[in-house]
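Below are structures written as structure tokens.
What follows is chain A paired twice: with chain B in the first complex and chain C in the second.
Moving on, here comes the complex of A and B:
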């Protein structure tokens, strides 16, 4: 078992967990989920799962430590009438020390397991400038499944405890389950403690409605992944693996198809995760909201991997923006560059931190670093250009809400996204640059006309893609226009709704890209 | 629990059963529709060579061989027939794993009652996952999971045509190849040295143990004698593997023939009898090996001679 998209998970693991969850008394259900979650992680990662336990113990102890400090503060504040600010500052500093220790420890583990080799590679030429050599090669022991996801959840919990927006949990099992629950451990969503911990621990009984909701959502996820994503992998893997053999037209299509593949893979996995959560009475936050209907790159990131963007906003962007040095700088910039451009200029600092983090979060590679900084530049510059564009449109009497203008903005945004994903998928930054250059300098449609394109993926798989990609588009379009298709189906009678579910499953079984001729693709974000 | 709760529970269970039954029915119908309509690769059958046995007349095969490419390239049915007049069919495929071997054996035993089943042992050391084993098991019962990609070539006639095995394999499952690539001297020295030494055993993992056991059980249930066989291979064989299989065979009361210990008697010349540097035998090696094996099996298991019997016409034409 390597993911949710395996027979062992669907036919053995999940039914066993559902059965055990149903037959045990309600007070024991959370322990069943905890056991199942650690078993799931163990099956995939083996003893490395110990790191998840270390993180849990760490944030549990530090959370209680922070709670104790604040309790002492409150006791002391209750005794005095003057000097409260100094007391608060003193205790806040003590609590901050624990918070920093927690952040350093958890990100330290993440960096040590995921990034040390990369940083060592980066440092090597720098050290070389001074005539030094990297002393030793950095050994890699691998990382447990979901380390990037549960680490961010752990840090968010600790920060929220520090901010006193979440009470420190004295129940170790509940905290452990919040961090390790198997539906999110592969690819998220990066849930907050306040969103899932309580409902997880309640152990709600499985009812027919929740069961159908969950299974429908899961079936849709399987459909996105197996009908579209894994099929497109044939084309994407071929083109990105040996781009030197192809002209710019083939590579450009590769960037487009990879973007669709990644969307269907990641959002499909999210459907499965959210569906799994629904089976057990847990509502995960949505991670996607029709991202390809975005008008700007900034909006795209509010609709794509939403929980990651929200994490960076809450725990990086705002803290940096509201830090004393940045506020001071904003005041200076406001005076020098005016109220419009001054704050915008300084906001680049926080934005840079966010996108540097976002790029590195995706992986230890120069292409990921570039990917993050690419969006930093696009979004930051977009902030400068937007007012001018608005003014220009107004001057020329252009209605920015007109359909054609919205389409134009949408297409522009899609181009930005495709270029970003090209670099993201490239095997290295060098490959990304070479592929992009080839699109610009060697673009041709000849390969489509003479059939060379079918060497990358068969005609039948192209035909299937041409059927299923528009279906995904229409599904998203319905949601974009406010039609909740899943709810509509859920409201149908027993026979109709289950017939729809069986129809989806059978479509996946017959047309799914699995078995002979296809390469199994583990969920793509599970590597992060 | 109240009566109302009990009634609701029963209703939910019945509904769950109804959904499961409907899904299973859909899978079975799709399996029938998408299953290749004959046992030929032209009709989309994978590993068609192993399915040739389905078209052999009932109960006409005396010896069935399961295994991977080592078996495929070593057992030459023509030689067995010519030497001793008994029928040997090779139900092997390239890079076959034990669960696939089990499937092929099960399929073969549906229509045949062989006296002996030879299980080539290289498979035992080819790792596979439980996921692979589960998929293989499901594919046995729900062919749609194996043949779903036939939507590409689906014809309206598939809706009404019943699957029927009509293709007789002229090679009886074997794939004998002519090219020659001599064994490297060092490899050969190492191989020959190992033959004389006894050493530790390589581990047969849980999956290997399970599926080897299932194959042996399937043979015994069908009244066939299971025999583990290691065909000569400089590259794939080792004393550790020999020891492991020997111990397993002893523990389970199964015969084990390691032909790596008999290369002199077989008359193998590794400079001319391998197609790829000692991994697989070529036509010359297969001929010598099959000649030796045909006598060995006949002497040991007293196999019938069908030569001259009109019911075995396709064998006369080999």
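Moving on, here comes the complex of A and C:
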């Protein structure tokens, strides 16, 4: 078992967990889920799961430590009438030390397991300038499944405890389950403690409605992944693996198909995760909101991997923007450059931190670093261009809400996204640059006319993609227009409901890209 | 205070009816950059400090919520 998309998970692991969850008394159900979650992680990562336990113990102890400090503060505050600010500041400083220790420890583990090799590679030419050499090659022991996800969740818990927006949890099992619950451990969503911990621990009975809702959501996720994503993998893998053999047209299509593959893979996996959560009475936050209907790159990131963006906004963007030195800079810049451009100029500092973090979060590689900085430049510059574009449109009497103008903006945003994903998927930054230049200098449609394109993926797979990709588009279009298709299906009678579910599952079974001729693809974000 | 806050908001995004809107953040009338400007201006205008922890939708979704936040922080500063 390597993921949710395996027969062992669907036919053995999940039914066993559901059965155990149902037959045990309600007070024990959460422990069944905890045991299942650690078993799931152990099957995939073996003893490396120990790191997840270390993180849990760490934030559990530090959270209680912070709670104790604040309790002492409250006792002291109750005794005095004046000088409360000084007391608050002194206790906040003590609590902050624990918070910093927790952040350093947890990101320390993440960096040690995921990034040391990359940083030593980056550092070696620098050290070389001074005549030094990187001492030894850094050994890698691998990292447990989900480390990038549960570390973000653990840090957000600790910060929220420090901010006193979440009470420190004295129940070790509840905190452990919040961090390790198997539906999110592969690819998120990066939930907050306040969103899932309590409802997970309740061990709500499984009712027919929730069961259907979860199973429908999971079936849609399987459809996106097996009907679209894993099929497109054939084309993407071939083109990105040996781009030297192909012209710009084939590579450009590769960038487009990879973007669709990644969306169907990642959002499909999110459908499965959210559906699994629903089975056990837990509502995960949504991670996608029809991202390809965005008008700007900035909006795209509010609709794509939403929980990661929200994490960076709450724990990096605002804390940096509202830190004393940056606020001081903002005040100076506002006086000098005005209310619009002043803050925008200074926002570059916080945006840079966000996108550096976002790029590196995706992995230890120069292409990910480039990917993050690419979006930093696009979004920051976009802020400067936007007022001029608005003014230009009103000067020329152009309605920015007119259909054709929105389509133009949408197409421009798609191009930005395709280029970003090309670099993201490239095997290295060098490959990304080479592929991009080939699109610009060697673009040709000849390979489509003479059939070379079918060497990358068969005609049958192209035909299937031409059928299923528009279906995904229509599904998203419905949601974009405010039609909640899943709710509509859920409201149908028993026979219609289940007939639809069976039809989706049968389509996946018959037309799914698995078995002979296909390569099984593990959920793509699980590697990050 | 309410009128001063509306004036600040109109400077950031003039296309909103601030008297009735209760979804300033949820419907993205104020985005993250506008939020930073808003916080800076509120701090200047009312001589308060708004920590990052207070920058949540509940505190900024309507003029009433912002007014309540400013009043609360001003009281805190008197302690």
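Convention: the second predicted complex is superposed on the first by the 528 of 528 C-alpha atoms of A that agree within 3 Å, B and C clash if a C-alpha of one lies under 4 Å from a C-alpha of the other, contacts with A are read in each partner's own complex, and residues count from 1 in each chain.
Heads up, the rule we're going with is that a contact is a pair of C-beta atoms (placed from the backbone, for glycine too) under 8 Å apart; a residue touches a chain by one contact, two chains touch by 3 or more.
Just so we're clear, the structure is a prediction, and the values are computed from it rather than from any experiment.
Under the clash rule set out above, the superposition-derived model of chain A with chain B and chain C shows the two partners fitting side by side. For the three-chain arrangement built by superposition, the Cα-centre angle with chain A at its corner and chain B and chain C at its ends equals 170°, in steps of 10. By the document's definition of touching, of the two partners only chain C reaches A:319; chain B does not. By the touch criterion stated above, A:343 is placed in contact with chain C alone, chain B being left untouched. Of the two partner chains placed around the shared chain by superposition, chain C is the only one that A:85 touches, whereas chain B remains out of contact. Legend: residue contacts after superposition of the two complexes on their common chain; A:400 is shown touching neither chain B nor chain C. In the overlay built on the shared chain, the residue A:327 is in contact with chain C alone; chain B does not reach it. In the superposition on chain A, no contact is made by A:446 with either chain B or chain C. Taking every C-alpha of chain B against every C-alpha of chain C after the fit on chain A, the minimum distance is 40 Å. Taken in their complex, chain C has these residues touching chain A: 11-12, 28, 31-33, 35-37, 39-41, 43-44, 50-53, 55-56, 77, 79.
In the complex of the two chains, the chain A residues touching chain B come out as 1-2, 6-8, 11-12, 208, 460, 494, 498-499, 501-502, 505-506, 509-512, 515-517. Residue ranges of chain B in contact with chain A, taken from their complex: 12, 15, 19, 22-23, 26-27, 30, 34, 46, 130-131, 134-135, 138, 144-146, 148-149, 151-152. The touching residues of chain A, counted against chain C in their complex, run 84-85, 88, 163-165, 298, 302, 313, 317-319, 321-322, 327, 330-331, 334, 339, 343-344, 347, 350, 383.
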